[in-house]
């Protein structure tokens, strides 16, 4: 089974034995609750699925693990700049065809009563601008695309 | 629909209008949550079903309402003395055929580390004793029966 | 220096101790019976070990097994909590003999105070007044013989006991034999010792206790009083600090008597000296509890002293960290029991299908359960202690009433509504709290005062939910996006 | 005499005020926008009325509608909470003109303090030191002109503002224009006023504020300080009281300056005077917040004063009930935000599929959300304030760490882990907290320190749950008897 994590994609295929799942020195007991055993110490852990994401709480850490459906492309989205949250575009600072450097401000949007700046993730040329000032955008909406030089 | 309450059996048949249920001056909105409106004031209420019992929390009061299946006998259990909770019979203080008066102690049982006395609910004759000292009983088990004189 | 504590208890007090250990940087080891394998306290421990066997005797009262687990898991100390083995001198000795630190007073202090007759005699010798009564050395026959000389109403008390077990009030000679037998049997089951003694029942009195702390550096202090008068079945349900019955002078006198009592047995650690205070302001020694007490949070909230953490310091040989006694504001605790107050406060079992504690400023909940847990007949029916603090007694009562209004428990009958009405009762508001107040206020038993609109609303809700198929519906969509959370929401939640 | 309060706010502060009203025997009326119809605060009110319209301007900022609702529902007073209309003098005037009591200072005091330029001038006149800077009366052009004379780094601040909105740090002239435009635009959106002023950015300073209370009987007091230095994006995340940077003399000097500031504007009610304190112990007036403050709980916990309840008393014309200032122990508050600290603390949205707050002694949670709620971009991303009290600062940090370890939030990214690491950071433990500490400690941004075993465990858990069908399973059986609770367990739960 494959997950997208903040550290990249990882595959894991634990051994199953009834309600017990094993992976290296870790044992997970899936019953009415989730109990993880590490080196014979047991810890209560928590998990819930929202959309494609498994959210896990283990030993004070919270992880978000996106399930990758088998057969899905192994490519990460590249060159796209997406809205980090729903909000309104306040200002577009570039034009299509313009050359920009990594870190250049491209757009300004407003959400949660704060202004947020969308900056270039790498050097490139503005390929397409999808929204203009005043428009509402949803979270994850592609705002503009940058092609590599 | 009929329920057993601590005040006896009650029948209620509210009017339904989409997610709204009406009964006299009360309106209940059943959506993702339960909101009760009384004289245009709205209150969050809580309900859950455990077994045949609906448990309801409304305005600081907790009610347990036992659903009476249509066609079920209208008789309440009479003359039976049941175990108020699971436990162990410690002592049987009467014999079958013995005449007892209301309030007379009949049995002593132990549960939750306390002793509890089972007393006669009315004057009568001990008809049958179902358990003897040392036996474990479940909650609701008929311990003995009293016939009216 | 203490590094790893075995907590020989369960439920809310195990949670309390384990949290204190965590805060102090000490590892906590929980032991649990099989039927406690998913209880909250096992989550709060650094290590949780299952006790083999069934029933209390083979598990939480099994000294040998507990000490073995402590040694096998590298513990250096044992905290007994309250109840269970907390007042067993033999356990204290066994813990010490195994090379572990006993977080409590010496076995000698436990013995002297745990045996109520010895304690009475020690206190008499130390000049602390005791309740008129007779110490019975023989069995039933002697009880029947001496009772008339004490007079009715009288109180039968387990010599080895506490917590209301083996305690019976006898109002007339007619019930004496059956009550004496019951008291002896309960005492035998609870404490392994059927001795009972006979005491005058002082009606109209207040139950007031003094918290004491003593360290190994020669310092013995008191942390003021708790008033614990409101009781049913000789178990407390409502406790507060300070008591309106005490002025500064009486507080100092009783505090000094309590410290004397502690010094008389070379006490070390946290302990409580219980007194009955008559309407005239006389006070009589009742007993000393040589352990942390259920109602310790009210003292913590008015004094600002973390009593459990001080226990850990004292056991480690450190001096107490608390300074001069500084009482601020007012704290009240009520005990939420799985019991039916409308049926003579008889314990109930059930499932905590909904368990939503109150929140907000000045509210503390000490509990070992959370939503989804079952209430079984295996253990004490106390579900939680709800404690509030406010600048004044009037505000504390208002806050407690507000908090109880927010508290929701469905699936098991509790005394929640009773507690709510208690907090609004004029006698409680006025502070006229005595040990017999529940019998005085509700001589024919308590029944909820339920307006008919509440019953109508309840019926409407139940029938609407039932006819909408809510009782058998598989899942309710929580989110607005059409994505449902996993059922793990339900099974993984926790309300510590 | 106040009998029915309209609370013109939402979320956790509305909950806080409504609970105080309930405790004071005052009825609370909530107003809510359509997207708040099932929010917790509407449950805690005696009456909840829906605000017509969409967006902040038509709902929570709609003065006319709010006053109409107050009058139609028999309210005698309005509590504005913080944010929203709380510092709008025109609203205070409109409330009073409608014959209602305004629970706050006079419109004149709000105007004098709300306009930062006027406040600076008033404070200068009263002899309270202010930060070197320039009050800008013109627009962008004047900002660009005066900036060099103030020098870099400098701070642009909304003249009418607060809460970090319209505030921008500028470290070099290159960014001045774009930042100035952003600050003016944010200020216009947030406060309807785009004026900005230019101030020297005092790096390495501490942000320390003094809580004041003043009643109509001529008494103006301070309740000691709060240190709020730990900030990101000019918003506080970690607050405590007392501050280790103040000794008794400096506390008294700053407290007296704060009272002077309040007296200079004939202040009545609860207010906060903010100062920057340099490493040398000089202090400069920053601003006065003429309302209850987000971080008021830390002061409540160390002083024992219920500030919101005192607000109600003062507005009713009664004297304050609190006596002499008595500071005990140490309190810390952290703010739980729906934000990604690993991505420059950018706000996040999501669904609180699991939301399990910590419990236990000395822990207070002020929140307006509970499990199942959605975090939307409509409102501020602050989910909760977690506050702890303990006898000492070291113990308070230990308790906060323990409480954060117990806190579980799944379904929305939060700063929980960041807060946990912050509480264990040596600079925080040592008390070396300055307003630039987050940039100082994590100049390249913060990323969670996650041991590989945690990632492995997370992957094991997710894959095991997924392959067991937990993500699509309809229901999990909670009880051991085969009887399942209704899904209403899920939808009716509440964690206030």
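Letters are used for the chains, namely A, B, C and D, taken in the order the chains are written, and counting of residues starts over at 1 for each.
Everything below uses one rule, namely that a contact is a pair of C-beta atoms (placed from the backbone, for glycine too) under 8 Å apart; a residue touches a chain by one contact, two chains touch by 3 or more.
The model shown is predicted, which means the values in this text are computed figures rather than measured ones.
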Does A-D or A-C have the larger number of C-beta pairs in contact? A-D
By CA centroid distance, what chain is farthest from chain D? B
Inter-chain centre distance, chain A versus chain B - centres from mean C-alpha coordinates, in Å: 53
Taking each chain's centre as the mean position of its Cα atoms, how many Å separate chain A from chain D? 29
Based only on mean CA positions, could you tell me how far chain B sits from chain D in angstrom? 49
For chain B, write out the residues touching at least two other chains, lowest number first. 32, 34, 46-50
Going by the contact rule already set, what residues in chain C reach two or more other chains? 351, 353-354, 356, 405, 408, 411, 465, 470-471, 476, 478-479, 481, 483, 485-486, 488-489, 491-492, 494
For the chain C and chain B complex, residues of the former touching the latter: 165, 178, 182, 185-186, 189-190, 233, 342-343, 346-351, 353-354, 356, 377, 379-381, 404-405, 408-411, 413-414, 416-417, 420, 448, 450, 453-468, 470-471, 476-478
Sort out for me which residues of chain A touch chain D in the complex. 1, 3, 5-7, 10, 12-14, 16, 21, 23-24, 26, 28, 30, 32, 34, 36, 38, 45-50, 54-65, 67, 84-87, 90, 105, 108, 110-116, 139
Sort out for me which residues of chain B touch chain D in the complex. 32-35, 41-44, 46-51
Going by the contact rule set out above, which residues of chain D touch chain C in the complex? 15-16, 19-20, 22-25, 44, 297, 300, 304-306, 309, 321-322, 326, 328-329, 351, 353-354, 356-367, 371-372, 374, 390-392, 395, 398-399, 401-402, 405-406, 408, 411, 465, 470-471, 473-476, 478-481, 483, 485-496
Footprint of chain A on chain C - complex, ascending: 38, 42-43, 46-48, 479, 481, 483, 485-486, 488-489, 491-492, 494
